[in-house]
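Okay, got some structures for you below.
Each of the next two complexes has subunit A plus one other chain: subunit B in the first, subunit C in the second.
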Partner chain A sequence: MEWETVIGLEVHVQLSTQSKLFSGSATRFGAEPNTQANIFDLALPGTLPVLNKDAVKMAVRFGLAIDAEIGRRSVFDRKNYFYPDLPKGYQVSQLDFPTVGKGELTFTMDDGTEKTVGITRAHMEEDAGKSLHEDFQGMTGIDLNRAGTPLLEIVSEPDLRSAKEAVAYLKKLHSIIRYLDISDAIMAQGSMRCDANVSIRPKGETEFGTRTEIKNINSFRFVERAINYEVQRQQDVIEDGGRIVQETRLYDADRDETRSMRSKEVANDYRYFPEPDLLPIVIDEDFIEAIRADLPELPDEKKQRFMAEFKLGEYDAGVLVSSRELAEYFEAVVKISGDAKLASNWVTGELQALLNKNNWEVSESPVQAERLGTLIARIKDETISGKIAKTVFEAMLDSEAGVDEIIEEKGLKQVTDTGAIESLVDDVIDNNPEQVQQFKEGKEQVLGYLVGQAMKLSQGKANPGQVNQLLREKMK
Partner chain B sequence: MIEKTVAELSAALAAGDISSQELTQAYLDRIAQFNDELNAYITVCADSALAQAKAADAARADGNSSALLGIPMAHKDIFCTDGVLTTCASKILNNFVAPYNATVVERFNAAGAVMLGKTNMDEFAMGSSNETSHYGPVKNPWDTERVPGGSSGGSAAAVAADLCAMATGTDTGGSIRQPASFCGITGFKPTYGRISRWGMIAFASSLDQAGPLCKSAEDAALMMNAMAGLDEKDSTSIDMEVPDFTATLGDSLQGLRIGVPRQHFAEGLSADVEEAIQASLKEYEKLGATLVDIDLPNNHLSVSAYYVVAPAEASANLSRFDGVRYGYRCENPVDLEDMYKRSRSEGFGDEVKRRIMVGTYALSAGFYDAYYRKAQKIRRLIKNDFNNAFKEVDVIAGPTSPHTAFKLGAKSDPVAMYLEDIYTIAVNLAGLPGMSIPTGIVNGLPVGMHLVGQDFAEAKLLNVAHQFQLATDWHRRKAPLTSKEA
Partner chain C sequence: MALSKAEVEQIAHLARLQLSDADIDDVTNRVSDILKLIDQMQSVDTDDVEPLAHPHDAVQRLRADEVTETNNRDALQELAPESQDGLYLVPKVIE
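And now, the complex of A and B:
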């Protein structure tokens, strides 16, 4: 039987506010345990929440970026359950009236096809702390640094049809969030987390199958693997005559499998009710318009502009806007070099290869936009050839020096002195009488060979255009 | 001196007739003499009180003349006090020393008041007789075989027996007004949002409100001047101008329209209490007020709605008492679940557990609409009743409680206890200001009259009470305990 996969993603993003959602504690990653937890975060009796307005702004920013309905009156609710890293015994979240309502996200697959996925909602809630099971000899340690960090939970419709689509959706979401500068969105650090709801159904069927929820997926690669594993597992179960149980499953990256967890808690009753310590958030038109006016250019718009302004192809433009940092890097290179086409080639070519090879972020590149821009400018003003430029690029990996300094130091400057080139050309003509004769008889293609010989003699530094011109003149 | 009102003590301190240190010592002596019998205080802070008094005397010498400077007071043990045991009268907090001050405490400190100690109460403010306290019941100074009312029973008894000049309380369904009534003192519950709840241990967040327990309406106004106002730490506190609550205490009641709800003079009200209230209403007519018969048609639903909303909120508010970070933890828990179960079963008293279970049930899947949502609807109906009534009247008056203080152990049925607050609960559901003032003595026990005002019309309400107290002396009557001493 042919099966169709149905996936919906719930993505938690830690908003990069200075302080927590309801308290003034800092939210830095990696601080000593419990150094970022004040009396509210510890849920001492008598303490009360005060909403962080920046978190609301960030949520609305996201809402506007995906063209979503903004909840004019959103309400916080208490979600009740006991766990040691949940100090109040309830998590403050949003149930019926989220700050961000229905929206949508369009992304491009590797083969160039576009897909639009519905976003059901995005609501604000507080993160829990962490339970530390090591180093406490049979006891559990609690770190409340993370407790109360603002989260935006972005829930998609079950519109995704393959693990690849899920990853493409997630990458686009990641890119938008980074463009909006509302989260670090680093999956490995947990500032972006993804739960996947997965089910399968016979192709053509309109009813959904029973779904499972996969948790603990902490990289893009694992999203694809976990979903593929789960889809295969569900197929095997059904084809063996079994039934899928609605449950939460944990992805184990080491063994590359999903495992059932907490089946007992699936029937958890969270007893949601409106949080009486907070008033509803009332958002007016002015608030929304002020945020809209402050929205950055988003990847789709930027891609269109790059294509129009810089005459780039769709594929290259798509690669360049895939992250805000890369797009900004590219534009800086264009500005310095004055050549968008060369800038695009270098950024998507040499630079991308370098980043991929070392698993670096753009910001970690030893070749900064300023140096790459200058390098391209030196190609344009014929100080060096494109080929020599690659040598300079390599040299920049080990040196902080400026482009001109490196060219100077390594003696890579292109020879444009007519006298010097003339003597080179004379040498080549003297040493290759046969080819010169052929050229004179009208065999144009030997010119390339002769130019090559001249370049070789100059160790690549002669200006090829000048060599070409002089050869022609002298062989007339 | 200790029997005097805050206004009188303030004048005496200003005139130099007595120092705050002398006054504080006098109250500490009084506490030493009577607290064993009354059990009004859980914690007495003699040393820090005397230090505060000394500082107050020094401040006065430096020219500070604020009204509450050097006045000895007590805080209900529901308010967090920095460095001082804060128990909420529960075993689960019997070792909890708060590391911070409630805003209310902070404001009295700033006004120069002296904290004598922390008063007993019903556990987590759940009760109407002060019998649910882990620290034992408080006795009524008028008759020590009787309850002082609750939940702010320790504060009410302490004020009535002159174990302090004034005290703070909290009122979720009548917890300031009913004990004020039973103990023959003045108790005031402001509009919801008028006073910050920061540092006040939550029972039912949408109903809880702090307020004064004291010896006169004038004293309540002086306390309100210190307590009221926006606090950015409490998102439900209201950003509204705070008047000088004493400024309008001289206004005439000529033309005042007093609403008398017929529902508050029906079945269940004891005849002698009704008589005392009717006599007081006549007194108001003498002062120039007119009485208007009004209808609060949904009043009979208030107790039921309250006992869904309040326990529902409480069930979540009390989840933080889990034995993990502070407070009581059971001995040798074998695992997490065992720790939760035993810490909470051993740490909470029966009434608290009952309400947690009721609240948990009311919020459960499948019951939410039938209970919680319906109760919220009733809440709106009750508010509408008051809105309609206030189109015709300025204040509403009636009995605070159906009867006078009852005997310890007399009400073992929880529902009978819940009905204690039948006249006061609707006011919390509607968020309105309300108060109780002494208006008579029946069989040697005080009777309280309940006065209810419009949202944020506290100043007017206080003057309505003040004018009555200028014309009568019920608020000057002392419990026999006090006269015995005098």
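And now, the complex of A and C:
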């Protein structure tokens, strides 16, 4: 039977505020345990929440970026469950009146097709602390630094149809969040986390199958692998005559499988009710418009502008705007080099390859925009050839020196002195009488070979245009 | 609406309350009485009434995003029954 996969994602992002959602404790990552956990975060009796204005702003900022309805009046609710990393015994979240309502997100797949996915809602809530289960003589250690960090939970409609689509959606979401500068969104550090609701149904069926929820996926790569594993597992269960049980499963990256989380409680019963310690949040037009006026250029707009302003193809423009940092790097290179086409080729080619190989962020590149821009400028003014430029690029990895300095020091300057090139060309003609004869008989292709020989002789430093011209003249 | 004894046991479990067998009948009756009152309130037509999120007719005030708390770990951990390496220790929560 042919199956269709149905996926919806719940993505949690930690908002990059300085202080917590409801208290003045710091939210810095990596602090010593419990040094950022104070009386409210520890749920000492009598303490009350006071809502962080920037967290609300960031949520609205996200809402506007995905064209969502902004909740003019949103309400916090208590979601009740007992777990020691949540000392109040409930998590403050939003149920019926979230700050961000329905919106949508459009992303491009690797093959160029576009897809639009509905976003059901994005609500604010507080993060929980961390439990450490090792080394405490049979007890569990609790670090509440993370407890109360503001989260935005972004819930998609079940509109995704493959693991690849899920990853493409998540990457686009990640890119927008980084453009908006509302979260570091680093999956490996947990500032962006993803749960996937996965089900399958016979192709053509309109009812959804029973879904499972996969938790603990902490990289883009694992999102794809975890979903693919789970889809295959569900197919095997059904084709063997079994039934899918609605449950939460954990992804184990080491074994590349999902496992049922054994749970004694039959079903979660969160007993939501409006949080009596907080009043409704009312957002007015001025508040929204001030945030709208402050929105940065987002990836889709930037892509259109790059295509129009720099005459780039859609694919290259898409790669360049995939991250804000890369787009800014590219624009800096264009400004210095004055050549958008070459800048695009170098940034999407050599630079991307370098970053991928070393798993670097743009900001970590030893070749900064300033140096790459100058390098391209030197290709344009014919100081060096494109081929030699790659040698200079390599040299920049081990050297902080400027481009001109490296060219000078390594003697890479292109030879444009006619006398020197003439002697090269003479050598080539003398050493390849057979090819010269063929050329004279009208075999044009041989010229390329002869130019190549001359370039080789010059160790890549001769100006290929000049070599070409001189060869033609001398073989007339 | 009357509650069954099993439902009361489930609610007690969710609230982490321990009820003795002797208490359960009494609690069941009393909670059922509260629910009867709620049933009576449910019969009022509230179609035109906005749900109330809070009894005060006021709006949440927002605070500036500033760190105002400092590290008080040592003092706070004196309140805890047990702590080690800066962590609060609790009975093991996973099997």
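To be clear about the criterion, the second predicted complex is superposed on the first by the 417 of 476 C-alpha atoms of A that agree within 3 Å, B and C clash if a C-alpha of one lies under 4 Å from a C-alpha of the other, contacts with A are read in each partner's own complex, and residues count from 1 in each chain.
Definition applied: contacts are C-beta pairs under 8 Å (C-beta built on N, C-alpha and C of every residue); 3 or more make two chains touch, one makes a residue touch a chain.
Bear in mind the structure is a predicted one, so any value in this text is a computation, not a measurement.
When subunit B and subunit C are set side by side, the one touching more residues of subunit A is C.
Look at A:32: by the touch rule set out above, it reaches subunit C but stays clear of subunit B. Once the two complexes are laid over each other on the shared chain, residue contacts for A:139 go to subunit C alone; subunit B is not touched. In the superposition on chain A, contact of A:82 is made with both subunit B and subunit C.
By the document's definition of touching, of the two partners only subunit B reaches A:90; subunit C does not. Once chain A of one complex is fitted onto chain A of the other, the partner contacts of A:51 extend to both subunit B and subunit C.
Of the two partner chains placed by the overlay, only subunit B lies in contact with A:43; subunit C stays clear of it. Of the two partner chains, both subunit B and subunit C are touched by A:269.
Contacts of A:59 after superposition: neither subunit B nor subunit C is touched. Common to the subunit B and subunit C contact sets on subunit A are residues 39, 42, 44, 50-51, 80, 82, 84, 140, 142, 269, 271, 276, 278-279. Residues 14, 16, 53-54, 56, 58-69, 71-73, 76-77, 79, 82, 84-95 of subunit C are the ones touching subunit A in the complex. Contact residues of subunit B toward subunit A in the complex are 79-80, 86, 88, 93, 96, 98-100, 102, 197-202, 204-206, 232-236, 312-313, 315-316, 318-322, 324-326, 336, 340, 360, 363-365, 368, 372. By the touch criterion given at the top, residues 17-19, 23-26, 32-39, 42, 44, 50-56, 75, 80, 82-84, 97, 131-133, 136, 138-144, 262, 269, 271, 274, 276, 278-282 of subunit A touch subunit C in their complex.
Residues of subunit A touching subunit B in their complex: 39, 42-51, 78, 80, 82, 84, 87-90, 140, 142, 269, 271-273, 276-279.
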